[in-house]
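Two complexes come next, and they have one chain in common, chain A, joined by chain B in the first and chain C in the second.
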Partner chain A sequence: MKIPELKSQYVWATIMILCYILPGFVPLGTPFPMSTTTMKIYNMIQALPDDSIVVIGGSGVFAFDLESSAGTIPAIKIMAQKHIKIVNLPLATEAVQLEKYLIDASRIEKKYGGTYEYGVDWIQLPYLAGAPGALVSFLNDIKRTCPTDVYGTPLDQMPLGQRLKDYKDIVLWICPHWDFVTIIQYVTGERKIPSVSFAQSAAYSTYSPYMMTYPDKVFMTNGFLGGAQMEYLVGMKGLGHAVIDGNQVFSAVFLIFVVLGNVTWLANKEKKEDKK
Partner chain B sequence: MSATLTYVRINLTRILLIVSAASALATWYFVSPEVDAIFNEINIWNINITTFTLFSGLITISLRYIRGIQQRSSDVWPFQAYALILIVAWVILGQSFGMYSDTYQTAFLSTKITLHIAILGQLIYFYVSGAYRTFRVKTLRTAALALSAVLIIICNAPWIQNTFSGVGEISYWLLNNPLTGGSRAVVITGAIGAIVLGLRTLLGLEKGAMRVTEGE
Partner chain C sequence: MISADPWVWVSAFLTICSFTLLYGDNKLFRLAEYTFTSVVIGHAVVVGLQTLNTRFYPLFTGQQPLLIISLVLGVMTLFIAWRKYAWIASIPFAVIVGIGAGLSMRAAITTDIFGSIRATISETGKIFIGTPTDQVGYLIRVVFTLGAMVYFLFTIFVKGKGSGAVSYLRTFGKYVLLIYLGLTLGNSAMQYSGLATSAINRLIRTWLGFG
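Right after this comes the complex of A and B.
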């Protein structure tokens, strides 16, 4: 029996229905495993001293970095519970918008019913061009490199800004952006500050060797799965949970199409040999 | 360009490169506030120069697009006009409301980001459609390709990891060992290449980097 080749339209329709529309309208709530690294990150943030300063920053493109936000938003929620101060440092033009999105989506500010006040509990710094040189300069002398926040207010006029001197004031660096290597190199490698990345799946496979290079200093979660794990630990359902159903279905659909492709090819190959 | 001017420009660039590189290296080997201060100062220059480059890039691309629209020499001029209108609109929006305002953020998320995410979301269709057609075990090489892809998909599928507890460990082993070896090789090769390129530039062997050939 000759099996006809599937048209691309059929493949596209199957993916759209099974991976996008179905999980979107009917959340499957499929289970997912917990990873030890995600647990370590959760415990590490919980163990940070109250009132300490964490920097969220790096370089990347918003649409890619959205995958990182699934894990970063619950992390911000944990930090807000512990009154940990947050300083956002964008090292790419679109990073400013992503970092605003992270703060808005985590609902920690007073205007969203949270407890965080701008200038006291968190600060958004302006885009700093010229990374990684700019990052090194920031770590060595924060106010000299970045004298004002994103609105142009001098750091000295804000309670949190007054506390910022150099890298010694930072207890943890969270990178919600693609370029985690620069952070590992200059923040963790040179200055021994632990760093966390809620990495995109593609970035995870590229950067995971650094977790071996700097054990218990560099931590990474894996894509939306890592985000869903963080959300589970915090007790919320966000972007990670929303995407995990599609992710689960996709992995099954992918395997089915690979098998189907091989079956089609084998069947048609036999048919051709019979004709000969 | 006169030979004298070329000579000055090349050597001035070389001196700047040597001073910058030396100041960065010095911070590694000397614990001194003065050395750190010099390096920081050069870094601040770097930030300012890069910011200026962004500004000059905006002007350069605008001039290029205006020329393209005026001459209508290629089919892309309508896109250049569209891009130019968007550039102006975003600059006005940013200047009027501020880059960190809710208005700018809403506009940014509703247009650029939504479109970008949609484009990224399309990749999955091409990926599966491509997998259906290319991961066919015709030869040993295609078998290796197909098996590698299937193995990674299986090991990273949450529903498989959840059902078979050992699969997650296999996945991490694959990432931490075979992949680490390959990644390290790439990183080390790149680093050695960067050192050699730096030395060649400082020694004047990489003439193109200092645009020395322009004067010839």
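Right after this comes the complex of A and C.
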């Protein structure tokens, strides 16, 4: 029997249909392991004092930071249950979009049926250019560094803005962006504020050793899997669950391709030996 | 139900255009690529201009007159586009690099050098306590850290006595680095695969209204 040669387009089409399109129509609910770090993050957020202030900030590119949103959205939902105040600090131009998107997607605001009100429960600060200098300046004197919010309203005119003085007012820093190192160095390393990163998969292997450097101060989850774990703990099914379905099927298809490749190779080898 | 929002349709069209690259380079992909690039640049410019307004608010109200220094330094950077006076831009750039280097040096020494050394020593102590699984985990971490370090320390090829042992250590360090690179590559593949899934999910759920 002649084994047909596969065009790369056919391979891609098969992968697209099986791994990405099918789980979109029919959620498979494939199982995934739970990590102790994700559990620790969940418990830490639950243990934060009610009404305390958490900063969500950092720098990165929206398209890739979307992976971090899978874990950050459930985290925001937990914080909303505890009435924890949220201050968004973008250190990159595209971070402004992502942080606003995170609040919208979490559906915690009154316009979505939640309890959060802008200026009282959360604030979106403007893009802060010049990190790490600007970040250090922000931590030392928030209002001098960011006198207004992203819309140009002075912080002193908002109830939450009035509470912001310096890093001592911040109980936790969540980084939903690529550049977690800057946050670790200046926020956790120098000022001992715990930090959490719902890291992108590619960043996880590079930055995860910092969890050894600052045990119980620096926490990281791994990509969409971390997102799915947070969603599971909160009791929701979002982007994390959807992607895990695709990834699990992708792994199965990958194995099938490995088996098919080996079978083809063995068949061709036998043919060549017969010819000889 | 299929979405009636025109922006969702724009998003869906550009997503499909991006995926056409899988069949080969074509004009639809180029359209999506150029649209994305121009939107990102346009957004960055607008956000940058808004920043001027919000950051210099206390200067205009007279609360922080010293901000005039930052504003002047910022204007000086624009001279980079004017070859004859480009040297003026070197002054604010020198200030930025100087402050950045000073801050980074301090933080890097604390976190990356002393922090990593402290963590490795601490993990070495933990090899002898805890459950067997934890002990193996700590052992691997410490041995791999030392292995990678040895690879960089002994990049000079030693000859004579002891060269065999050093060579084995160096080779081990090389494999440790390869494992790290493999992990990073694998994680990157997972990330791209996940982002593709999220884009298709958006098409199926937000645009077509399934799921």
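We take it that the second predicted complex is superposed on the first by the 250 of 276 C-alpha atoms of A that agree within 3 Å, B and C clash if a C-alpha of one lies under 4 Å from a C-alpha of the other, contacts with A are read in each partner's own complex, and residues count from 1 in each chain.
Operating definition for what follows: contacts are C-beta pairs under 8 Å (C-beta built on N, C-alpha and C of every residue); 3 or more make two chains touch, one makes a residue touch a chain.
Fair warning: this is a prediction, and the values are worked out from it, not measured in the lab.
Engineer: Per the contact definition in the header, classify A:Asn262: touching chain B only (first), chain C only (second), both, or neither.
Structural biologist: first
Engineer: Please work out whether A:Leu66 is in contact with chain B alone, chain C alone, both, or neither, and reply first, second, both or neither.
Structural biologist: So A:Leu66 meets both chain B and chain C here.
Engineer: Considering only touches as defined above, state whether A:Ser35 meets chain B (first), chain C (second), both or neither.
Structural biologist: After superposing on A, A:Ser35 lies in contact with chain B but is clear of chain C.
Engineer: Quick check for you: in the superposed arrangement, does A:Val253 touch first (chain B), second (chain C), both or neither?
Structural biologist: A:Val253 contacts chain B only, not chain C.
Engineer: After superposition on the shared chain, which partner residues are touched by A:Lys100: those of chain B (first), chain C (second), both, or neither?
Structural biologist: After superposition on chain A, A:Lys100 lies in contact with chain B alone.
Engineer: In the overlaid three-chain picture, which partner chain does A:Pro147 touch, first (chain B) or second (chain C), both, or neither?
Structural biologist: In the superposition, A:Pro147 contacts chain C only.
Engineer: State whether A:Pro159 touches chain B only (first), chain C only (second), both chains, or neither.
Structural biologist: Once the two structures are laid over each other on A, A:Pro159 reaches no partner at all.
Engineer: Return first, second, both or neither, reflecting whether A:Gly24 touches chain B, chain C, both chains, or no partner chain.
Structural biologist: second
Engineer: Taking the superposition on A as described, I'd like to know which of chain B and chain C A:Gln124 touches: first, second, both or neither.
Structural biologist: In the superposition, A:Gln124 touches chain B alone.
Engineer: Please identify the positions on chain A that touch both chain B and chain C, taking each partner from its own complex.
Structural biologist: 12, 16, 19-20, 63-64, 66, 93, 96-97, 126-130, 133, 136, 144, 150, 201, 204-206, 209, 212, 222, 247, 250
Engineer: Which residues of chain A touch chain C once you look at their complex with the stated criterion?
Structural biologist: For this pair, the touching residues of chain A are 9, 12, 16, 19-21, 23-25, 27, 63-64, 66-67, 93-94, 96-97, 126-130, 132-133, 136, 144, 146-150, 152, 154, 184-186, 189-190, 200-202, 204-206, 209-210, 212-215, 222-224, 239, 242-243, 245-247, 250.
Engineer: For chain B, which residues count as touching chain A in their complex?
Structural biologist: The contact residues of chain B facing chain A are 36, 39-40, 43-44, 46-47, 49-51, 53-54, 98-100, 105, 108-109, 112-113, 116-117, 119-121, 124-125, 127-129, 131-133, 135-138, 146, 149-150, 153-154, 156-162, 165, 168, 175-176, 179-180, 183-184.
Engineer: Residues of chain A touching chain B in their complex?
Structural biologist: 6, 8, 11-12, 15-16, 19-20, 30-33, 35, 61-64, 66, 93, 96-97, 100-101, 104, 124, 126-130, 133-134, 136-137, 140-141, 144-145, 150-151, 201, 204-206, 208-209, 211-212, 222, 225, 244, 247-248, 250-255, 257-258, 260-262, 265
Engineer: Across the complex, what residues on chain C touch chain A?
Structural biologist: 19, 22-24, 40, 43-44, 47-48, 50-51, 53-55, 57-58, 63-64, 96, 99-100, 103-104, 107-108, 110-112, 115-116, 118-120, 122-123, 141, 180, 183-184, 187-188, 190-191, 193-198, 200-201, 203-205, 210-211
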